[in-house]
Amino acid sequence: MPAPADPADERAAGGASLFETEYLPASSDGARYRWFRRIFHHDAPDERNFDLVLIATILASVVVVLLDSVPSVKARWHAWLYAAEWMFTLAFTVEYGVRLWVVKRPLRYARSFFGVIDLLAILPTFLSLLFPASASFTVIRALRLLRVFRVLKLVEYSSEAGVLIQALLRSRRKISVFIATLITIVIIFGALMYVVEGPEHGFTSIPTGMYWAVVTVGTVGFGDIAPGTPFGRFVTSVLIVIGYSIIAVPTGIYTAELARSLQPRRRQVRCGECGLPDHEADAWHCRKCGRALPLED
Amino acid sequence: MPAPADPADERAAGGASLFETEYLPASSDGARYRWFRRIFHHDAPDERNFDLVLIATILASVVVVLLDSVPSVKARWHAWLYAAEWMFTLAFTVEYGVRLWVVKRPLRYARSFFGVIDLLAILPTFLSLLFPASASFTVIRALRLLRVFRVLKLVEYSSEAGVLIQALLRSRRKISVFIATLITIVIIFGALMYVVEGPEHGFTSIPTGMYWAVVTVGTVGFGDIAPGTPFGRFVTSVLIVIGYSIIAVPTGIYTAELARSLQPRRRQVRCGECGLPDHEADAWHCRKCGRALPLED
Amino acid sequence: MPAPADPADERAAGGASLFETEYLPASSDGARYRWFRRIFHHDAPDERNFDLVLIATILASVVVVLLDSVPSVKARWHAWLYAAEWMFTLAFTVEYGVRLWVVKRPLRYARSFFGVIDLLAILPTFLSLLFPASASFTVIRALRLLRVFRVLKLVEYSSEAGVLIQALLRSRRKISVFIATLITIVIIFGALMYVVEGPEHGFTSIPTGMYWAVVTVGTVGFGDIAPGTPFGRFVTSVLIVIGYSIIAVPTGIYTAELARSLQPRRRQVRCGECGLPDHEADAWHCRKCGRALPLED
Amino acid sequence: MPAPADPADERAAGGASLFETEYLPASSDGARYRWFRRIFHHDAPDERNFDLVLIATILASVVVVLLDSVPSVKARWHAWLYAAEWMFTLAFTVEYGVRLWVVKRPLRYARSFFGVIDLLAILPTFLSLLFPASASFTVIRALRLLRVFRVLKLVEYSSEAGVLIQALLRSRRKISVFIATLITIVIIFGALMYVVEGPEHGFTSIPTGMYWAVVTVGTVGFGDIAPGTPFGRFVTSVLIVIGYSIIAVPTGIYTAELARSLQPRRRQVRCGECGLPDHEADAWHCRKCGRALPLED
């Protein structure tokens, strides 16, 4: 018997819809409403053009941050990059203000995921006025890219992303079990290699050994730390074969769930007698009460 | 027709249930029984709280072992870590004693998988009193983490892990064939590279060549040993393409088995009216003619 | 009910058929038509032999380009390689001329994908007469290999490649979502590592950090740049586990789509006697009642 | 309509059965027949014991070859390893002689795959008497391991391996298309990196660049050659994302084929009228001629 809709699943789906919260407009006509539609809807040509301009601006501002970190580029173009940085910051500040102005409950928007991102996108530049050498805020600036996800809500992509996320959510318990197994393997092999190889081959502590085990079991293999003793190499081979075998597990889980998502062959017709809503594609009678099903879907 | 249950499969499943053995209580009421339930059951809020405390203690004791291996941390906090280590050891000693006290057949528990783990979790610390420089016992201490698996038995996760393990068990023969093939490839390419590249490029023996072949075919590629001659590089390319092609095999095996596990089971019962033999698992009436289905399968 | 054919899919398939455009012959008999068939058809023994000679010539010309780049080979065989290069160039020039001569609309062919490739295959050698040290044209010469794809259109392989491409086209939206996610992860982790590790461990700029993140999340792991600080190693481990988890996504998408492509199509026709609606593609009679099925679907 | 049985497939399957050729005994009773059964059959306990002894001997002889290549082991145990080597060689010589003695057509066996392996397993040691420094024969000795595959024919494993090989054979055309694509990508990126990075970063020729491209696209990434220029790193990132995307293809192909192999739901009953042998699991009438199918399978 297929499991009935799991409340935990629905809660998780609700968690995902955090990113898709329906905001209400502050007023239902006038310029304020027009801007609300322009920003929060993605259907009319006008609204789509706004989205495209916003996406281009976000990408351009990220490119400026990237270029600003390259020493040779910074040496030569610093003034221009600095100007562009402030131009983008002011543009995003205006956008943030307009967003707060047009939604019904500005505080609720400000505390939502995208509201926080909006603030993080402008805050670092303003803070740099106070603390000149704020290099570490570059990370926060990079979060500006998270705005890119917003555009995924565009009509064309929504149903596709929906299927992918749905399959990921359905597999999340199995993937938790898998990651717990992985962490256990990493701790055991990290400690084992620390004992077998020791500091002279780079395994200076168990956490270092665990870092090496993650790099190895994930088949990355930087080679900054590598086993030097015959027994250490044997342990490494065992770890690689284990990693090679279990890489199949998340792929298998996800593929099987996705294949289930893609199977479309059910009749969604409600039985007139008992109300059962979900039947096989070739069913004529309800499998619970035996009553003939309505012909039209 | 689905294959009938394979006795070999069931034996293997029995082997897996080694980890889930139902222990009997030594007495059926009193403090001894309450503690039995607290330790071996995971349903009531009280029992779940005990599980959570135990999980937290296990994780904390593992973190102490990890930190103790970092030279800079050890130099500064050694006294605290030493105290914590003894505290955790005493706690686990008490827990081990209680477990032996509450089960009906203590010796059988002591010889079971989790009984051995419980002993290994406390033994190294006591042994360190006798043999001061027992660095290699850190490995055994890491086994303490295996206790984490115990919590996988919690109700919420059990059915998920069950499906994963069931699919792994069903694919184990195919995976054996796959690993035998892999070992053959590794020996042949290890010997080949030993002959082609020789000791001057790091291939000092056939076992070293086999270590390199495992690292390569598993797509890890540390780079501590790498081919230097044109022909050696050609052989490497062939090995990589082979590895790239056969990595599909375990994934394919596991995914196909898992997809089979996820397919809702069907009732194979023949309708008395129209004879339709294949129904959904929860069907009471034939979906074609509406006649009630026979109760027994 | 399976989704109706998506017009966007068909447009994309039309885009793919750019590579398979049906060219019309300039005349319908005589030598010109015989050469048209010889070049553009792949059915008769004569036409297949022409294909085989062409494939062998393309492969040989590519091997000459490869050998010419090896210093030791070039030092010894330069005169022979130079002669072979001109021989192949003249042969491809003649072939290009014949192609333009036999098709109905030469300009349209010249502007098509394969027409451009044909030109690129001969242009570099002629240009090397004008600009002697044209090392960078070797790349363009390598494009000569794209001619190899032409042979994929051979009868034997066409249906196989068709299924693969069809499944790729159907999954392209999901894969776009996946690649957008990947780029976001790469930018965020590249910036993070630039801040955490800094130039002293090789992370000289955010783009360098992004290169490292791609190398890591793609499980390549050259090791030319590797984290040196404990926190950097922790961030690396997180990135690897993320990469390990999402590598399942494109595999899952593609496998599920391919499995759908491989499922033998069914006839959705309702039996006049018993009404069974779903039959095998080659069924003439209902498998339940034996009545002949209606001819039209 | 599913494709009718492809003669090419059957030919390939015939090629695979090269490894499983049924040999005829030279005589049908006496010691000669008993030894024939002992060697070529795997059913009776006596025959299985012979298999186990042979497997152990093969594995032991391989281990001796491996140990003999380790300088430190060889220095100390050379005399013992040399003696063991000759002992195994004589044992395999006797086995080879017995095999030729008991089969009906010894020459046909000698020319078969396993006959050649049997000869290669003993030849190198005898040749070492003639040519003392025959280091390169170690490779041929490693082929001795191919005998291990012989044991895969044991009853228990045969059906499993059969499904795996059947799925591989059915996917071989798609995998050829995939490998052709891979080689094209490798040549183009190898040439591109040779031009972009040049000899100063290790890309000394296009073949070297191709070796690097295989190592990169296969996600091995030794790091012995790595890009040094910004544009080279960008090209590398593109190559990695391409490799990351197409690694899904062979997995998808194989998984989909394997899933098809595992689907058991057909009735294998021959229609009395038209002889069609393969029907859906719930079929009562032949889908071609409409005649009622026999009830028993």
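Every chain is named by a letter (A, B, C and D) in the order it is written, and numbering of its residues begins at 1.
Keep in mind that, in the parts below, contacts are C-beta pairs under 8 Å (C-beta built on N, C-alpha and C of every residue); 3 or more make two chains touch, one makes a residue touch a chain.
Note that this is a predicted model, so its numbers are computed, not measured.
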{"item": "Type of subunit B:subunit D copy interface by residue overlap (half), same or different", "value": "different"}
{"item": "Distance-maximising chain from subunit D - centres being C-alpha averages", "value": "A"}
{"item": "Chain pair repeating A-B, as identified from A-C, B-C or A-D when over half of the contact pairs by residue number coincide", "value": "A-C"}
{"item": "Euclidean distance of C-alpha centroids - subunit B vs subunit D, Å", "value": "29"}
{"item": "Chain centre separation (subunit B, subunit C; CA means) in Å", "value": "40"}
{"item": "Residues of subunit C engaged with two or more neighbouring chains", "value": "207, 210, 219-223, 247, 251, 253, 255, 257, 259, 288"}
{"item": "Contact footprint of subunit B on subunit D as seen in their complex", "value": "62, 65-66, 69-71, 135-136, 138-139, 141-143, 145-146, 148-149, 152, 156-157, 160-161, 163-164, 167-168, 175, 179, 182, 207-208, 210-211, 214-215, 218-224, 247, 250-251, 253-255, 257-259, 261-262, 264-265, 281-282, 284, 297"}
{"item": "Subunit A to subunit D touching residues, read off their complex", "value": "219-223, 251, 255"}
{"item": "Sites on subunit D touched by subunit C in the complex", "value": "1-2, 173-174, 176-178, 180, 184, 187-188, 191-192, 194-195, 204-207, 210, 216, 219-223, 226, 230, 233-234, 236-237, 240-241, 243-245, 247-249, 251-253, 255-257, 259-260, 279-280, 282-292"}
